[in-house]
Amino acid sequence: MTLARATSVILAKELRTEFRSRELLGTTIVFVLIVIVLFSFTFNPTSSESRRFGPGLLWLAFLFAGSLMLQSSFLREQTNDTLAALRLAPIDPFSILAGKMVANFLFLLLVEVILLPVFAVLYNVAVLPVLGQLLLVLALGTIGLAATGTVFSAVAAQARLRELLLPLLLLPVLAPVLIASTEATIGVLGDPPELSLVWLTFLACFDVVFLTAAWMVGEYLLEE
Amino acid sequence: MPASGGLKLQFSEVEKRYGMRLALRGVSLTIAPGECVALVGHNGSGKTTLLKIAAQLTRPTRGKIDFFAGETSIPLEDVKSRIGMVGHHTLLYEELTAEENLIFFAKLFGLSDPAGKARLALEPVGLSGRATDVVRTFSRGMRQRLSIARALLAGPGLLLLDEAGTGLDPEGQQWLGAAIKSLRDTGCTVLMSTHGRNETQGAVTRAIRLEGGKITHDSGAGGNPNEVLVLAAVRDTGEEAS
Amino acid sequence: MATGAQSATASRSVLSVPSVALVFLLLAAASYGALIWAPTENTMGLVQRIFYFHVSSAWSGFVSFILVFIGSVAYLRTRALKWDWLSVASAEVGVAFFTVVLVTGPIWAKPVWGIWWTWDARLTSSFLLWVLFVSYLVLRTLVDEPERRALVSAVFGIFACLDIPLVYFSIWWFRTQHPQPVIGDGGKLDPRMGWALLLCWAATLGVMTVLIRLRYRLEALRSEVDAIRMEAARSGR
């Protein structure tokens, strides 16, 4: 059973389980919505102000939502001890982590894409003309969020106070992603739109570094 | 599901430490292919830990475990596909249907025709009629039966059961006993932990009692397991308080 | 009883008198160098002298965090708890040094630039690093079992350390894009200032070594107590 095959089987299971109940997706979308609306009260959302502050608030919202949503990645496997069932199977333990990383990436990206139009409307920002570039920034930033968040979710699952612990661990480590993604988004939404190569390359580096780190040490977290 | 030849297990001076607690201390044990061994003892005696080590879910702090098919030793990476386990928990996904659960695990075990094997596996446990129902709607007994179907999917040479009879009504326990017996008849090695109650006694060929992480009684390969089982039952009722 | 090797560690003193004396001497020399010998800076005056301690604490904090990385990787490869002791000792000492950085920063900034805090690249990065390793320490308090704690700390420690260069670059590049009118700087470096700084750094490295060894020893002793309890349990109480 190759790593890729096992990962895709687990990914399919994650997707199927979530889409059966849709509770996590639904709750996360509502949470980000609330944050976006609340943030809009903190300044005057004229077009130029929004372009300066909006992206930062948007990414903050995604980070907070992500750190709450990623909790359940491993907590779910504690019901009926299904994590043991996964570990009993003759698969590379990293595929468990990998399958969840990809699933979390897809879920988070979905939430972001759904909320983008809401953000655009509430903050008077024109999103459609630069949609492709925006999606690129979203994707690169979300990879970092999903990869790191999934690993830390496995870390937090072994500790007490895990609901508080995951954001505590995740947010400081993701600060560079926040900076890079926000700056890149501001650039893309700017007048004229500008795709910052430096920040995009930086995000890609971040993703590569942490994906590699996850691959090398992640599976130790699944041992007993 | 016919077994592909029972596995032989050998524990050599196995010790398992969890932080400050010694769950197993220097356990050495050989289980021959086809034996149906009952592990008895109260909670905390080390039964679950021993089973977990056999299942490769955890590694011993000291000592080792070896597996053999016939006389050839099997490397640890290859053993997992030949082991089935029914745990304390059901190891099933609540939101998926019975069929989906089995297909998922069949795929993870690298079985060909996962859908077909899943359907086949539901028959002996009497769940074919509930294949498309979500596990959340199942009773405890049905979940246990599905759990066993899952363990048997790949035709294991070793079946591990960790108090599989708990929560089953007498009819369920009888069914479990019959299922284990027929498995044993196909040559599969069975290692199960039980509280010494009746549900599986007919099938058992050997009984081992654990206390405080050590083996205190072993009826041996050819001996009469009932002596140890009876002893365990008496001790358990006598020491209810601990 | 505990193995021979462990008893030897217990009975031997972790800090020899000569080495402690050396560190004290270094500190004294460094203080003299920073506070008296080095020339007074033109624009900032006397308060600039705090720069020597501010910068050398940051550098030593860095070295501590590199040790956390080494300890974390080594633990994952060998599973020997002593590497975990090194990691926690280094993390705590590193956080202590960065606390010095974060405290001396405002003390220096206020008289010179009139504001307590500047979000300049160095100070911001120091702050984030401080938060990062405080998280590391909080994680440790939430896991009780020693091996499990060592394992999760090692994994998080590796991620946190890999994050350090990324933190520095992202904040630096951000500042380059959005320059601030006020920049925290050591001012013009007269060669004597350079020597004073190096001397200060040597002194803080000495303090770092002493503190890490002490803290490491504390963990080693705790572990030895546990081992003795374990032996007692093993032989049947």
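Here the chain labels run A, B and C in written order, and each chain numbers its own residues starting at 1.
Following the convention adopted for this analysis, a residue touches a chain if its C-beta (ideal position, glycine included) is under 8 Å from a C-beta of that chain, and two chains touch if they have at least 3 such contacts.
The structure displayed is predicted, hence computed values, not measured ones.
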item	value
Contact-richer chain pair (by C-beta pairs counted) among A-C and B-C	A-C
Per-chain CA centroid nearest to the all-protein CA mean	A
Euclidean distance of C-alpha centroids - subunit A vs subunit B, Å	39
Whole-Å gap separating subunit A and subunit C, where each centre is the average of the chain's CA atoms	31
Approximate Å spacing (C-alpha centroids) for the pair subunit B, subunit C	50
Residue list for subunit A, restricted to those that touch at least two other chains	223
For subunit C, residues that touch 2 or more chains besides their own	148
Where subunit B touches two or more other chains at once, by residue number	none
Residue ranges of subunit C touching subunit A (in the complex, touch as defined)	76, 128, 131-132, 135, 138-139, 142-143, 148, 151-152, 154-156, 158-160, 162-163, 166-167, 169-171, 173-174, 177
Residues of subunit A that touch subunit C when the two form their complex	148, 151-152, 155, 158-161, 165, 168-169, 172-173, 175-176, 179-180, 183, 198-199, 202, 205-206, 209-210, 213, 217-218, 220-221, 223
Subunit B to subunit C touching residues, read off their complex	17-20, 22, 25
Residue ranges of subunit A touching subunit B (in the complex, touch as defined)	1, 6, 9-10, 13, 16-17, 20-21, 79-82, 84-91, 223-224
Residue ranges of subunit B touching subunit A (in the complex, touch as defined)	52, 55-59, 77-78, 80-81, 83, 85, 87-96, 100, 104-105, 107-110, 134, 150
